[in-house]
Amino acid sequence: HCASGKTLEKGKFTIATGNPAYFPWVMDDAPESGQGFEAAVGYAVAKEMGFAKEDVVWVRSSFDEAIQPGVKNFDVNMQQYSITDERDQVVDFSVPYYTAPMAVLVGASATGTAATIEALKNLKWGAVGSTTAVQKIANSVKPNNAPLLYADNADVNAAITANQIDAAMFDLPTALFLSAVMIEGSKVIGQFPSSESDDADQFGMLMEEGNPLKSCVDTALNSITKSGILASIEAQWLQDTTGVPLIK
Amino acid sequence: MLKLELRNVVKRFGENTVCNGISLGVEQGQMVCLIGASGAGKSTVLRCINLLEPIEDGEIFLDEEDISIPGLNPQNVRSKIGMVFQNFNLFPHMTAFENAILAPKRIRGLSKVDLNAEIEMLFERFELTERMHNYPDQLSGGQQQRVAIVRALAMKPEVMLFDEITSALDPQLVGEVLDVLLQLKAQGMTMVLATHEMQFARQAADKICFLKDGKVVEEGTAKEIFNTPKQAETKAFLERALK
Amino acid sequence: MPKYKAAGMTRRELYEHQQRRRSLIIAGISTICVVVTIIFLVPLAPGWEKVQKSFFNGAVLTKTFPKLLDAFRVNIMIFAWSAPAIAILGLMIALARDAKSPALFPLRIFGAAFTDIFRGVPVILTVYLIGFGIPGLGLPRPWNSPFIWGSLALILTYSAYVAEIFRAGIDSVHPSQRSAALSLGLSERQVMKDVILPQAIRNVVPSQMNMLIALQKDVSLLSFIGPVEIFRQAGVYKSLFANFTPYVGAAIIFLIVTIPATRYADYLMARQMRERR
Amino acid sequence: MPKYKAAGMTRRELYEHQQRRRSLIIAGISTICVVVTIIFLVPLAPGWEKVQKSFFNGAVLTKTFPKLLDAFRVNIMIFAWSAPAIAILGLMIALARDAKSPALFPLRIFGAAFTDIFRGVPVILTVYLIGFGIPGLGLPRPWNSPFIWGSLALILTYSAYVAEIFRAGIDSVHPSQRSAALSLGLSERQVMKDVILPQAIRNVVPSQMNMLIALQKDVSLLSFIGPVEIFRQAGVYKSLFANFTPYVGAAIIFLIVTIPATRYADYLMARQMRERR
Amino acid sequence: MLKLELRNVVKRFGENTVCNGISLGVEQGQMVCLIGASGAGKSTVLRCINLLEPIEDGEIFLDEEDISIPGLNPQNVRSKIGMVFQNFNLFPHMTAFENAILAPKRIRGLSKVDLNAEIEMLFERFELTERMHNYPDQLSGGQQQRVAIVRALAMKPEVMLFDEITSALDPQLVGEVLDVLLQLKAQGMTMVLATHEMQFARQAADKICFLKDGKVVEEGTAKEIFNTPKQAETKAFLERALK
């Protein structure tokens, strides 16, 4: 079928995920279980492309390894990579498998902030430096103070806990997870409408530039979208994402 | 009154007993010469007097005050005692002039002008005016030795310890430096010299101590030592030395 | 008449003149060879175009460079207050470790413990612990700034390294220098300040330049706790463009600062050495 | 009869005995004071519990420690082959920079350029450029290993630092030593090997210990290009548990290695110093 | 045949011309003494002969071969010429014995046993057997000086350059060291000494050169120089030196 001869290893489909991989994208850092949104999508796509469950191989990679020039050690890489034009010039993306709204998480001291751009401007902002949240803050919020940027979610947590920042920008599922489980007293006070602008955050599977597998992956994704499988996976793992007010 | 007195001083380096109960008295204004074979302990005695080496046992008195009490701040004592080292020990990062002016500037609290003039005089006296602003590495052996003397004298100490101060000097300068010492003596300076210059010891010393294996074997005036040595060892040393 | 006399030079001058010319020619040729090899051979490698696009991408460089320069001001600021603090604290720790009197034994122990701990613990941990941990104890807003506590972490860590280098320098001065200075009646303090340290510091200038350069780069570690300095900025662009060129831009900025500084320090040292010998 | 005679000791022995006792008491008391302050006062801060949970979390520590130890083997491996390579290359660069003859001018230039560039460029960039860039040129599978190229990047960077320290050591040996050795008919090489280097190296042991310790920690930078060593492992756990305790675990492992090593080196140095003076 | 010859040697340190056209011939087996005031340039001449200082102009010949050609490998020359420095320059990281055995071990290619025995003999000859395994910092001035002599002799050079080799020795040892020099001379060693010991120069030197301001003012046999000096400067120097 479509993918034969195009994968890294014959008969296997190698998917890279983050090290570690987070809830709710992958449960318990164990993608092999198929639990969690991205893990489930991975298996669904693989199945659609004709791979058995045993033929799916999971590897770990950092962002940097994903974008290095030269040989990659995965067929596709799923760790909430937002599709952007700039990135697309260096690597290939599949069609999006999720459209993530951006959401604002605030620490205990700022839970009273109104969900308006005006109010958000006065907060001290933070974000993970390698995500598109940085652009979102700069373009949509335009805060009065320069934001602080961190290496990963845990560092943002610590900064909120140490009261060094008031608010942080994440994709909505991540924000909800952090607020519910990780940061005591924090709250997701609003989300940006995902259709609001051209820089809506769409997650795609990342592949080496010019990877012949792309068309197969796209076909598979399109077909599970059409058949409603993707929507049901989303409903299963990312169900709570409604009910957060829109920011005006 | 004894200006300086050593009582039964013992100094060891590990197993090696270098001063083995040295007793020695120096009167105000006296010039005492330590003589003895190489390795007899002359330099070590001088270092002990200046409290540069802690002594194992015994006492050292300056103006009848015990200066060898462990834990005593030695700074006051040292600023009264000047020392010229056998290998000069100039500060290589300072010019000759800076070497000489460092301690007086820090301690004697004179105005800069007075001090400069005074130090320049000293350099002139030792025929070093031309080399005053050279670094030690740019000086000949004899020039370094003279700078070391100037540096010690610049502090105007009450007691001077000289370790082989003429070893790198040509005979003409030896004469001149010894003249300077005699002048100092005339001004009442107390001096202890470790020297190999038997002729000088004979002529100028008020008292001569012959050291052997870390002990004072014999002491006395130049005449006594050179003409009528009592100990066989002294006799043997001097015979070979003066032959 | 020998050739050199004809040229109005002594034999040695002629020889040195020739040597210099020869070595300049060799230097020129070898540099050209290396450059030519790199410029012509590397692009022949099959993956060169991809590598070039990832690491030496003109478009990305021009787009990001001004912002990088901007972020570099944060580095300069942190560097400017940390470096003197490190020099002073490092020197003090070195002096504590070198205390001679048995009464100062606790000071010695403290110095050794300080260097052992702050050298041994990874900087990142110190930065996290002090940068997140101390503010986390409940400090109010202006006092919990990551700039303050992050700098403190850097200062503590680098002081430990710098102290060891000073100590190496102090130990490399022969003890006879100390004896000579003490014999002049100087206090231990004056001896250290006027005689030992000037020689010690001179002996370790290249090693301390190492530290200065390393510090300039490790200021970037503060980005772990928030401040957006040049390296974090480059990282943001790296993620945005999926391209490593912004790092090359950062490196260029670093080199523009460090190379003249090291060359100048070397020149000063060489001149001093010539003057004194 | 004075007291010290009665005790069968000389006055100095008695004094030193007392001093030692006094300083031990002071050391003891001050240590206890500091420890007590930390143990009792810090927990009174309002945020202490949170900080404790984030940084000193027993449960997290016990869960992650074995895996960290496991990952530490990767560090040891990379360290084990990089350190000797750095020592050798660093020494060679230092010697190249110190070449005296005008004919060796190109070598000097090369040495200076090498140190300037590899010290000035941030390690991370070198690691990226060499670790991603060179394999990216199209090397086949076993030869594009990040271990090989990442180690090379480390070796080049650290050699530049180490070379500068060696150079500081070489320059701190008085030129009269060189004269004396040359006058015996030794070749420049022998002079360097037998007379200058032994003194030079002795003068910079503490500074080189700095480098060894820094290297041990910077092995972690290789994690940027893939290898999962202790620090990346700790980072993974940090992200996973949103807790900094794994870093503390890593720091403990580092300290267990470095403190005995530095103490032993210090002891050897002190013994040598005592023996020779 | 001249063993060693300097022709018109010029040496400058920056502005300072230290050797200003020095010419000097030394025959095989001769002992030549350089005398002159401190700073006259004696040490510098010796350093130039050993090619430790590049010379600005002039030539130096060893066995009628020009050894001062710039760019020549000086190693062969230096292993034929031994030198004892005014300030000893012992290697502080080696014991006295190691100092002495280093160069022979590296260069002379003898078996270890032969070499050890030979070096030990030298130490014995200079009464250093007891201190053989001490480090330089643990030795007295005179002991260091003797180790420096032993170190130079251990290479069995053809020419020896001695810079003030008796400055740190007691008179007894001075006598012994000078005896050793006379023995070496008897064995055919060519020697150049810079010395302040006028008596020794007078007794033992085959030729004496009086240096002043970087020039050879006068040279001749001991008799000529001491008894009938031709130049006024020589006369003045010797008068003051011998008074």
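Order of writing sets the labels: A, B, C, D and E. Residues in every chain begin at 1.
Everything below uses one rule, namely that contacts are C-beta pairs under 8 Å (C-beta built on N, C-alpha and C of every residue); 3 or more make two chains touch, one makes a residue touch a chain.
This structure is a prediction, so every number in the text was calculated from the model and none was measured.
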If a chain touches subunit C and subunit E alike, it appears here: B, D
Contacts common to subunit B and subunit D (chain labels): C, E
Chain of greatest Cα-centre distance to subunit E: A
Separation of mean Cα positions, subunit D and subunit C [Å, integer]: 15
Computed distance of Cα centres, subunit E from subunit D, in Å: 46
Length of the line joining the C-alpha centres of subunit B and subunit E, rounded to whole Å: 28
Between subunit B and subunit C, centroid-to-centroid distance (C-alpha), Å: 46
Residues within subunit D bordering two or more other chains: 16, 19, 47, 50, 54, 128, 132-133, 136-138, 244, 277
Two or more partner chains touched - positions in subunit E: 87, 138
Per-residue multi-chain contacts in subunit A, two or more chains: 64, 68-70, 158, 161-162
Chain-level touch network, classified as line, ring, star, complete or other: other
Every chain pair meeting the contact rule: A-C, A-D, B-C, B-D, B-E, C-D, C-E, D-E
Interface residues, subunit D side, partner subunit C - complex: 16, 19-20, 22-24, 26-27, 30-31, 42, 45-48, 50-51, 54-55, 101-106, 109-110, 112, 115-117, 119-125, 128-129, 132-133, 136-138, 161, 164-165, 167-169, 171-172, 175, 203-207, 209-210, 213-214, 217, 220, 231, 244, 247-248, 250-251, 254-255, 258-259, 262-263, 266, 269, 273, 277
Contact footprint of subunit E on subunit D as seen in their complex: 176-177, 179-187, 190, 194-195, 198-199, 202, 275-277
Subunit C residues touching subunit E - in the complex, by the definition given at the top: 10-13, 15-16, 19
Subunit C - residues contacting subunit A, complex: 47, 50-51, 53-55, 128, 132, 135-136, 139, 141, 144-146, 223-228, 232, 235-236, 238-244
Subunit D contact footprint on subunit A (complex, rising order): 19-20, 22, 29, 60-62, 64-65, 68-71, 152-154, 157-158, 161-162, 182
